[in-house]
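Working notes, beginning with the structure itself.
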Amino acid sequence: MAAEPILEVNNVEVIYKKTIQVLRGLSLAVPRGEIVALLGSNGAGKSTTLKAISNLLALENGAVSAGHIRFAGTETAAKRPHELVRAGLFHVMEGRRIFDELTVEENLTAATYARDGKSGSAAARFELVYEYFPNLHTRRGVRAGYLSGGEQQMLAIGRALVAEPQLILLDEPSLGLSPKLVEEIFAIIARINAEQRVSMLLVEQNAAVAFAVASYGYIMETGRIVIDGPVERLTRDQDVREFYLGLGGHEGGAKSYRDIKHYKRRKRWLS
Amino acid sequence: METDWLLLFEVSLAGLGTGGLYALTALAFVVIYKATRVVNLAIGEILMLGAYAFFGLAAGWALPWWAAALGALAVAGLFGAVVERTVIRPMLGESPISVFMVTVGLGSVLIGIVEIVWTADPHRLPEFMPNAPVFIGEAFLAPKIAYSFLVAAVVIAVFVLLFRFWRGGVALRATANDQAAAYSMGINVPGVFSLAWVVACMVAAGAGILVGAIGGISSTMGVFGLSVLVVVIVGGLDSVPGALVGGLLIGLVEALAGIYLGGEYKLLATFTLLIAVLMVRPYGLFGTHEIERL
Amino acid sequence: MRIASAKESYATDEALFDSAVQRAWFAVLLLALALFPFTVNQYWAYLACLAAINVISATGLNILTGYTGLVSLGQAAFMGVGAYTVAVLEARLGTPFLLNLLLGGCMAAAVGMVFGIPSLRVKGLYLAISTIAASFILHFVFANWTSVTKGVSGINVPPARLFGIDLDTPFKLYWVIVPLAVLMLLGAANLFRTRVGRAFIAVRDRDISAEVLGIPLLRTKLTSFALSSFYAGVAGGLWAYFFRVVTPESFPLLMSIFFLAAIIVGGMGTILGGILGAVFMTLVPELLKLGVGVVSPFWPEAAVVLSPVRTVVFGALIVGFLVFEPQGLTEMWRRTRRFFHLWPFKT
Amino acid sequence: IQAGISDYLKIVNDAGGVKGRKVRFAFEDTAYKVDASVAVFNKIVAQDKPNLYYGDSTAFSKTINPELERSGQMIMAGASFATELNDPKKYPLQFMAGPDYTEMFGILLRYIAKEKPGAKVAFVNSDTEFGRDPIATSEKKAVELGLKVVEKIVTPPGSVDVSTEVLKLRRSAPDYTIFHGYVMAPIPEFIAQAKQMGMTSKFMGTFWSMDNSMVQKMGELADGFMGVMPYRYYYDEDGNAPMLAKIRQMRPEYQSTPYMQGFLTAMLMVEAAKRTLDKGEPLTGKTLKAALNSIKDFDTGGIIGVPISVPGNSIPVGRIYKADVQKKLMVPASDWIKLEQ
Amino acid sequence: MAGDGTPILEVDALTLAFGGVRALSGVTFPVARGSITSVIGPNGAGKTSLFNSISGFYRPQGSVRFEGQSIERLAPPKRAKLGLARTFQNIALFRGMTVLDNIKLGRHAHMRTGVLDALFYLGRARREEMELRRDVEERIIDFLEIDHIRKAPVGSLPYGLQKRVELARALAMRPKVLMLDEPVAGMNREETEDMARFILDVREEWGVTVLMVEHDMGMVMDISDHVVVLNFGQVIAQGLPRDVQADPQVAAAYLGSGNVDDLRAKLGADARKVA
């Protein structure tokens, strides 16, 4: 990689409540303008990684106990969370975390705080959001808590659009979305990335779609990266195919859930 | 007994006047609740602190009344900032019961401190409001009540406008709704917290000066906060218009109950009203309904 | 970890005290309680009784607030109902002592249920404030229902009689109050081994999901209110026999706050928390007095500021515990135990 | 209060004590909470085995009475002048160093009846046990004296804004308004608003709202405020008051009326103890109380302006004082009024 | 099985509106005894609302029949007692309890212990609790392979295990119909496989009917017997999985291309368009 990456994570360790270690020397990088996927099983520490980057760990009694995180060349530890956001690092948190008591439009208004210090009109960005997600436009006066899961996810991404950041951390954007909407949202993610040159770090369970938009992938288990590489290479990896893409059936095709055995092969990287 | 319309009118006016003070104090309460989801049971004691600070500055240091009032507001603001920083912020994320008990504790500490510094004896504030009686038509209205009502009305109007037209209103509510998410929108969450506490404590202190001017000050004047609690519950914990309407309503009900039933019925009437309102509208008249979904 | 230790049966695993060591400690504790009054003077017997009464009431509140999540500021008023019931029964009808207590509890439970009705619709802090209403409305009744309560001057209560003995000193009452407290605590602990207690916790954690899972909300909440007020009522009844006079001002709102503070300081939602909190909060004023005794030779005015200092300390304790030890004394107790458990291998 | 007690005991002990016995004084603050008071009582009784006890609130006095009788060891007085306690049958071992609240009202009403026969009177009291205490009986008393009780107003405890009550008061246009159950608030605001409305009523208070420093805090409003006081004020130099002189010598700054109360209580207690010992009897509750009741035409050294007796549990004597705003003092407005039993 | 042929659960003309939003309009479909029936549909189509209506949390118009009996007037706890158990879209475990207690809680409606029994913990209370413990341990905990976490507080568990505990709790409810709202959302392939296996086994070994909402088409198509498609609160198609999948209306409203390679191709096209 020639240019300096927009985000660099080096040997980071994270501890919750001074006792529970979750990240154990994790390193990764997001090159400018690229989408990087971060996969891993439940509880591997993906969300924790994102929170460590956006400095939100303290709210959950967590702390980075070792390592460095650099965003656009500066240490993130030196900045407070809202300053990081205003500097262009936007975190779309797991579980959407929309303000359920505010209306849809007020949710977008809240995101304008991320634009403080930026030029350009927020109103134009609102238009853009409503163009990407017409559903939101029809429901803009409704309290967001009453939206369906998918609509809430749209709103969460919409807020990121309003913020106009340089780097978006996306935590499981496909969670609970219909297949069609997943495609649409990922298409929009790809579009945002292409049109606005926004870099993204994408955490996903749906490996197939994640690989469709990302250029590089990391896979983590219990707090550290176990394999990484360009997406093309990862999709050829036997374990990735079986455990993340569900492709390990006979003749390499998709295997059916009806045929699942009651015993499991262990992942190579756990041994 | 024939109805004495003039009395009814005068009593209603007096009730509304007190209601203005309730509304003002309730506003302090609502601001904190809106931004931090803290039910601040110490509001009555903060009001007392404001009144005593004014007393200390005006009677003790012999400052002119306006300087003493500004000083008292500053003291209360500082108090708010310190309390928010040292006590409330560490409680982020704890259960609402815990946080509200913290404010109960704070109230107790304040009472104790005031008693240590100024003893438990009651005092009177120096006079600073015009003394000429106010007549509306034939009806008499105590001047202090009238002027207090004016002050309260102006302050509340300012806040209503602020919440309506200022982006900060959204930031406040967003922060209350989900702190982590508000942070991730670029909202300065600790800043919002501090601001809310500072402003609310100043409003409460202002109310305290007015209340003290009317009824004198003592270490038990915090019970004023109890009526205010009824006001915010009836109006809705997070609603500025609710504070206003609730304040006037409770003021009126207390006044009428006091006259037509007797003083011992005042509290009974307001609390009965409280339960009745809650049975019909569980979130008060204007409070936001909690979203309940599965 | 405990999971690893093999249990012979589910029954032992479900027992209140699940190891022989724990049972032994419990026996020692009971013995200590039995010997206590013989080793101290009347003053300490008095304090022990008062603490035990507070423990009962705090445990009741813990059932409602700590376990069911319904914040109540009416506990003192419900105690008042119990106390008045007992006072009226004893002074007017002269019915037997233990029966009066039971009826006092039941009366309080009934009144508690009535004030619990709003809890179906009214949630959280709105509910907390509406229980303050209970406090004031009941106070009004005590003060103005003169034909029964004798109004503001209150009712004098003859001493309790048991087996022909007048229980008129703390020393004698100790033998009723403390065993009763132990029994009621065991009852509360049992509760949370069964479906009833689980339903309470479920309502606290997520009430609407609980309903879909088969827990009738109103019924559960009212049960909790009733139980909690029953404990309050019995505590109030004992209070009446203990202080021998009941007036409307005996059960102020401040007392309800005291109980809430006690369970917070002790640790909400644990039986031990109610005990530790109530005992601790009862003793703190006494400790302060000791402190004043120590400094008064150097600072003669100390006794004069004792009262405001007590107010400050009361508040500071609540704040301090919530900020620095949100799980309360129970958590400190556990930590200490863990320390001795591991000692000397680890700090 | 405790300063008054300890000062008098110091005088006694300096003079050699009671029949050679020193009087020891143990003090604890109770914050006027019944359970705290009872705790203190038990502690002091257990540790010091006293013969003389000074309690605080009415509720405490009532609560502790059974215990007092049971132990039979001591007599007790307290800060409360509750009418109920003034019943030697129910409270045989207690007394108060002044008139009870009903007697205070009685003194006020007698004064009014003399000044302005047939006057219209209004009672304003707080909705507390303390506030309600004398109201019902005093109303009868007023009628007996030919006065008209035109209004009775009750304010909730701790209420600050009384404008509606003042409106109500104005409608009844009383000649005299008696406040009871307050220390200060809301009396000043009551008077202020009443004056603004042009009311001509005279305003009166009872013991706890009559301390000079309190009254003077009302400033201008205090002008004309009067009330009943069983003791001489600290600065009162009229008449022959050697004890007051002594107090002024011990404590150069103003001492409040509760100080006087404590002082006099201690005086009576010591006197009772002395008389008991004189008779050669042991110090028990019964003997002490009997000795106390034997006190007849006792000279208080000027604390009270006339010789007193303690026929039952109270000393039904008092005097009307009136605030003088110029001098910032309470000055006598009547002679000493003694109620016959 | 009694009443063979008749569906165990029939939803008939359910209509539900929130303000202006029609969450359900005239939804009608049967759930055959012993089947795995899936409900799919776009976000906001009303699937969760449908579940909430069946379990009694919402009160829609129309009727719900369970084993031939109308239940739309019954309160939620009564329905639970009849054998309608469910899990929730957003995990709804009781954070203050251990895994074991969470599971035990599911049995609440089937127990009779009263407050007095509970206080004394004798007789009925003790007997019932012991029975419950044995049943939970031997049938549910073993079956779902969660013995290692039975004493853990649920709050600290990873997401996948939490979902499994929810399933365990639903099983403790003695379900006849088990309603699962997005059982594998947020799970990776491997965990999804585990869950699919449990669902199949529950049906095989316990004879429980399963009604499920899920967006993971792979799993839905593989294991369901019957699929119901909702869109804007209306049933737009139902039938065998492959028939539904072939329905063009369903594909347009819900499925998208269903093929990642297509997605990639489309994205590539988008990107080129921009460039």
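Note that the chains are named A, B, C, D and E in the order they appear, and that numbering of residues resets to 1 at the start of each chain.
By our rule, a contact is a pair of C-beta atoms (placed from the backbone, for glycine too) under 8 Å apart; a residue touches a chain by one contact, two chains touch by 3 or more.
Not measured: the values here are computed from a predicted model.
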> Hey, how far apart are subunit B and subunit E in touch steps, shortest way?
Replying inline: 1
> What are the chains that subunit D and subunit E both touch?
Replying inline: B, C
> So which has more C-beta pairs touching, A-E or A-B?
Replying inline: A-E
>> Centre to centre, using CA atoms, which chain is the farthest one from subunit B?
In response: E
> If you average the CA atoms of subunit A and of subunit D, how many Å lie between those two points?
Replying inline: 76
>> Just the number, please: Cα centre separation of subunit B and subunit D in whole Å.
In response: 37
>> Between subunit C and subunit E, what distance separates the C-alpha centroids? Give it in angstrom.
In response: 42
> Quick one: subunit B and subunit C, Cα centre-to-centre, how many Å?
Replying inline: 32
>> Two or more other chains touching the same residue: where does that happen in subunit D?
In response: 127
> subunit E: which residues touch two or more other chains?
Replying inline: 48, 57, 88-89, 92
> So which bits of subunit B are touching at least two other chains?
Replying inline: 264, 267, 294
>> Touching pairs of chains, all of them, please.
In response: A-B, A-E, B-C, B-D, B-E, C-D, C-E
> Any idea which subunit D residues touch subunit B in the complex?
Replying inline: 127, 153-168, 171, 183-186, 188-189, 193, 196-197, 213-214, 217-219
> Any idea which subunit A residues touch subunit E in the complex?
Replying inline: 39-43, 95, 135, 146-151, 153, 172, 175-184, 186-187, 190-191, 194-195, 205, 207-209, 211-213, 243-246, 254, 256-258, 260, 262, 264
> Contact residues on subunit B for subunit C in the complex?
Replying inline: 39, 87, 90-91, 94, 96-102, 104-113, 115-116, 120, 226, 229-230, 233, 237, 264, 267-268, 271-272, 274-275, 278-279, 282-284, 287, 290, 292, 294
> Taking the complex as given, what residues does subunit B use to touch subunit D?
Replying inline: 4, 7, 10-11, 14-15, 17-18, 21, 121-124, 127, 131, 133, 140-145, 211, 214-218, 220-221, 223-224, 254-255, 258-259, 262-264, 266-267
> In the complex formed with subunit D, which residues of subunit C make contact?
Replying inline: 41-43, 46-47, 50, 143, 151-154, 156, 159, 168-170, 243-245, 247-250, 285-286, 289, 303-304, 306-307, 310-311
